[in-house]
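Read through the structures below before going on.
Shared between the two complexes below is subunit A, which pairs with subunit B and subunit C, respectively.
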Partner chain A sequence: MTTDLQRNWYPIASSSDLPKRHVYQAQLLGREFAVWRADDGNVNVWENRCLHRGVRLSIGINDGHELKCQYHGWRYANRTAGCTYIPAHPADAPARTICNNTYPTQEAYGLVWTGEEATGDVPALDGFADATVLRPIPLNATTDMVSEALVGYKWNESCLGFANADGSVTVSDSNGVSIRFFIQPTDSHRSVIRGIVNSSLSGDARKDALKRHSWLLQELRDQVEAAASQKEMPAPYEPVIARVAEDLVNIPAIREDGPAADLRVTVAEKEMTADDILKVRFESIKGGLPTFQPGAHIDVHLQNGLIRQYSLTNGPGETDHYTIGVKRDPNSRGGSVAIHDDVKKGDVLAISAPRNNFPLRRDAVHTILIAGGIGVTPMIAMARALNVQGLSFEFHYFVQGESHIAFSQEISEFENAISYHMGLSPEETGKKLGEVLSEPGHARHVYVCGPGPMLDATRKTAADQGWADACVHFEYFKNENEVDDSGSFEIDLARSALTLTVNDGQSILEVLRDNGINMPSSCELGACGTCQCGVIEGDVLHQDVYLTDEEKAANKSIMTCVSRAKSKRLILDI
Partner chain B sequence: MIKLYDYELSGNCYKLRLLMSFLGLEHEAEPIDFYPGNQHKSPEFRQINPLGQLPVIDDEGLVLRDAQAILVYLASKYDTSENWYPSSDPAILGQVSQWLAFADGITTTASAARLHDAMFYTQIDVDVARAGANKLFRILDEHLYFAELDGQDWICPGDHPTIADIACFPYIMLSEEGGVSRMDYPAIRRWTDRFKRIPGFVVMSGVFPAGPAVEKEAERAA
Partner chain C sequence: MSNFICNDPVALNLWYAISALEEVHQGDVGQSVLLEQPIAYTRNEAGNVIAWAHEGDPNCDPNPTLPVKERFGYFWTSLGTPEGDVFPIPEYGEADRRNIHAASFGVNVSAPRMVENFLDMGHFPYVHTDILGAEPHTEVKDYFVEVSEERDEILATNCKFWQPMAAAASDGGADVEYIYRVPHPYCSVLYKSSPLDEARMDVIAIFVQPFNQEQVRVHMMLSLLDEANEDRNIRLFQQTIFGQDKPILENQHPKRLPLDPRAETPIRADKSAIAYRRWLSDKGITYGVIPSAA
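Right after this comes the complex of A and B.
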């Protein structure tokens, strides 16, 4: 139940309480918060508990981009509070629904404000544009008792105080000095006095004022606490902590078929980052953007009706925008050319939430990132995450020439890790890959993204040199294999208790859709992994480039957009 | 080699492990079963320390008790830079001594509350102990708030932490095990982050490490 108090804005910290790489602990109306400032300046006010085992996040580690729980190392992104990595599941991308509760936050008058259900802006305070924030004084008493005492607060004989309608107290003297006191209701019987003076003091004058009021307010505190100790104090608040996200509690709305485009974004920036490569920055029109993890991609729905997938290049904690790289493809079917030529700064586009079918392990002893051409984009995001966490990695960027190097600004964050291999012939590339992959070993992982032939070469070289399949991770831009859609077969849907026929020329995905079965999809070319489905029985004719050879041989899953049945019948886990 | 009569969960023993780690001093530990064995009250141990308390060190035959006294001894003998115990400056020396005594107060309050809650010392009046700890924390929080204002990171003036910081740190950091929250002491909480970033910092059970500071996040890629 929301009370009036929960709709108010309250200051819960001084801005100076939040240096970088620190987690501040706060409480308001009984509810505890972990409060932290990311390196980009954004202040996060979150429920003070890890979603995993409930350990306080205020003892966690603020690495400037993410907040890491001390207990089992779950990491949460700046701004969104979405979980980005779970060390116990290093090969998986955490579900998007694993997201901590966040609370409205504003920074004004040198104070950090929040309120469980606060909306709009922090109330405007006339005369406090240049304020000096006093040292906050916590005390064990109700806000009413504190308010009453503050009305009588005096630093000289001319002081006169009164309570404001919003519960704060103003005290002014005859010299024009005025202090506005806010009373933070930590709990029903505990409060914090947060005062601001109506002038910007500096140097010794500031220090003297801060010392003087710290002393006087502590004297006031001792008196109020002495009085409070004689009184019966109200029972503590019992804030209800939501157990699961609302979208898990409620049945989701029925979605339209086809690739979902839940988000509307504006094109905030569009600039060339290399020859033929465009860097596009999307910002949300309303509300925040969902959490992403390194390796994630989004679907971009273009004005001409085409849908294209692009990897995010964002670093950890960069949660107020998405940035992608788009290469002008001379053989474009209309996607890349449309973005290069037709999309303009300020345009509104529909995009999907990020999906991660190329997750990055963070438990590797050493990680080798290999990028070819525009395949650099997911690698940029991965390298930035590894770099921020101080994990060991090297980055091999195969590129035509210097003018083709994209995202140099982002690369400058991890200059020591990057090697450029420029203008190599296929043979030279193969030889170089042989050197790069010369040392397979325990907990060493390879991630590669680039043109099909280069990926094939990397996977073959890795296999020849003794790398286990499970340690070589890849993402193809597209499926360049000829897809055979001939022949008809039956599919049994085990969970839906339906038997359907896939006819010559149809895909499983189309048949599912025609029969009202919702299946997420993205590239629909067998490259991205989104329309993956479990196989219970039957032989699969794999035609995708997403699954590894080992996974294909296991016959446990299928890409429903391109793959078919070798047998007469497939039983699918859907 | 220095021998430390040690108990893993003792904050007072931890003070010495911290200083020896900061100084890169090797030592051997002789574990004493404080809880539940009560070995520090045994006749054998009382011949080493008649007070029946930990920690005690034996440095080549010199046997010393009392955490603060041992900090003074180890820093004076082994820290040739005189950073940890700046004995040539009377003003600083006075302040270090003042806060060493303050640390003793933290032991009799915050540590006592922890003994009550975590090790079943039921004879301790835990309310009194907690109230005492909060009173001291209020004083230290104000001190550290105004120290920060002067650009001073540590309890005593100067660019380097002193044994006063070491003496105060453990039972403040463990206070929640005795039911004393540090939420009301933001300046103390920031100081504990800085303390954990001192090169050579080691943890003990119940004390977690800090993440890297901003300036430390330099070139780390392989």
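Right after this comes the complex of A and C.
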């Protein structure tokens, strides 16, 4: 049951307790919080507990964008508290349900406010727009005892105090000085007095006021604590810590289903970032946006009914918006042209939550990022993550010419790592790739995204120069191969105990959907990897560009949107 | 059985290491606490360690005495009636090994949290930076876990982790192989490829003595093939490692190990911890844990 105590807003810290990159430990009603400010100014109030092994996040590291747990280095995003990286499994994208408990937060009157289930705004205070925050005074007493004592608080004979309906106490003197005292119940028998003065003091006047009230409040504390020690104190609060999502109990975590577009966003900004390349910023209409990881993409459902995939370019901790890059494609089937010409600032669009089929390992000794043209978008997100973490990387951007360089503002964050290769012919590109990939080695990884022929060339060059398949990561933005959908075959679904027939002209994915089996999908062109499914028996006719040659040869998985059976029958692990 | 504060029959009937034998002397009465019960001990005139429970006066009549075993350089006792002997560590008896009492260390945490930390490799790069691990070598590769019904213990094998300086005798980085045993709810034995002998393994064991549900003393025993390093250096190395774990362990909340699968978030790297939590649940142990509600 929600009580008034849980619904109220309480100050739990002074704004000055949150200097750059610090994590402050606070407590309210027996519950501990880790409180930290990101470099974008956002204040986070989180349960003081990493949900992996219960270690206090207040001993973690605030890198300005994310909070990193000290025990296993798990990283949690500014704002959403969603886990963005688990170092023990560097090749995996963490399940989106791995998310710490967050609490409502506001910053006002020089104080940071929260409440377990507070809604609306912090109460408006007349006359305190420019307040001076007093030194907080912790004391071992109940809020009632503290409130009673504060009503009698005096710094001169003219002082008069009264208790407000919200539990705070106001004391004013005849010179117009007024102090509002809030009482933070850290526990049932422990409180903190947080006072604000109704004027913005500076210099010696501020110092004198802080000293004077600190002294007087400590006297008040001694009296209240002496009285409290004679009384029996109530039992401490026992805050209940929410259990983690059920799907996290079984490992590995289950992937989420469906091609659903469950988010509604507005187009907050739309501007050209290079010739033919549009930068679009989406903001949530209501509530926050789900956590993303570098390499993630979203499905954008366009007004003309088309669904298109775009990689996010966001840096770590940029969790209040999603930014994508869209290239106008003259051969477009209507997707990019619609975004360029029809989508307007302020429009509402449906998008999917981010999905990550292109996760970035962060256990590499050195990472090489290679982008061709609009393939730069996921690379921007990756480079920004590597840069913030101080990991070694280089970024090769193959682009037609200077006017085609997109996202230069984001690139300026990591200028030292970037090399531009402009206007190269296919032969020159091949030669340059040969140089870039000349040094394979232990824990060196390559990520590449760009047009099909360039990806093929990169993969071939890497293989020829001795790079292991597992160290070359790629994302095609479309499948340029002709997909053969002829012939029929049977699929046995091992876990659902069903046998279905895929007819000439149908895809496995369509047949699954028609039979009520939920299979997540995104591009449905064999490029994104979302509809991957395990294969137990049978020969697969691979027609996708997502799996590596090694993975295709292993015959252990299939992209159900485009690939088919060579044999009469496939047994799928679903 | 007397009236003990601890009422968990499983915990009461276990053996516990209390003190290194080198620290128990004839004529001196040592004092400790086990499961909230004050106990005292000495070495009698016949040369045997005796131990007894008391209610405030350690020099009271030692009778009735508690059961005592001298194993692995420590004396072990129990407040109840243990089934059988202390679990075996056969390597301890090998003639060419050095057996060292490395440290007895107080930690404000429950015994099972301590054991889980000992089983965990994922924290090496973050907590034991540049010693047992270093970024960016953070991956915990897949390993095997089995629960041996016959020996009633957990075994994790084929655990490999890249380490810059795995032991006092190491002089560079290497993929180090580990085997973990959990033969006792509050004890664990680790086998680790020796930097000096490829074919054999160093042994590091922790024996956790719970003072109460949230405070313990950990006794660490080493059985090494190292012939070069002085005991002092070896102890300092282990104490450095311990000193790094302590502040993390003391900042875990809750201090008792939650056995509800939805209390915390396991990943594949935590396979051994998942097996350990299930094993504790199956034993019905309640001391030092928060049992699952269902």
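In this section, the second predicted complex is superposed on the first by the 560 of 574 C-alpha atoms of A that agree within 3 Å, B and C clash if a C-alpha of one lies under 4 Å from a C-alpha of the other, contacts with A are read in each partner's own complex, and residues count from 1 in each chain.
The working rule: contacts are C-beta pairs under 8 Å (C-beta built on N, C-alpha and C of every residue); 3 or more make two chains touch, one makes a residue touch a chain.
What you are looking at is a predicted structure, and each value in this text was computed from that prediction instead of being measured.
Within the superposed three-chain model, A:Ile59 lies in touch with subunit B and with subunit C [touch as defined at top].
Within the superposed three-chain model, A:Ala88 lies in touch with subunit C and out of touch with subunit B [touch as defined at top].
Judged by the touch definition given at the top, the superposed model places A:Val365 against subunit C, while subunit B stays out of reach. Once chain A of one complex is fitted onto chain A of the other, the partner contacts of A:Ser168 are absent, as it touches neither subunit B nor subunit C.
After overlaying the two complexes on the shared chain, residue contacts for A:Gln106 are found with neither subunit B nor subunit C.
Look at A:Asn357: by the touch rule set out above, it reaches neither subunit B nor subunit C. Residue contacts after overlaying the shared chain place A:Gln70 against subunit B and subunit C alike. Residue contacts after overlaying the shared chain place A:Ala13 against subunit B, while subunit C stays out of touching range.
Shared contact residues on subunit A (touching subunit B in one structure, subunit C in the other): 32, 59, 70.
Of all the residues in subunit B, the ones that touch subunit A in their complex are 138, 142, 145-146, 149-150, 182-184, 186, 189-190, 193, 208-214, 217, 219-222. Those residues of subunit C whose C-beta lies close enough to touch subunit A in the complex are 116, 121-123, 125-127, 135-140, 247-248, 251-254, 258, 260-270, 274.
Chain contact summary for the complex, subunit A toward subunit B: residues 13, 17, 19-22, 24-27, 32, 39, 58-59, 61-64, 68, 70, 135-136, 138, 192, 207, 210-211, 214, 218, 366, 383, 386-388, 390, 392-394, 414-417.
On the subunit A side of its complex with subunit C, the touching residues are 32, 48-49, 51-56, 59, 70-73, 86-91, 98, 241, 243-246, 248-249, 251-252, 362-365, 391, 443.
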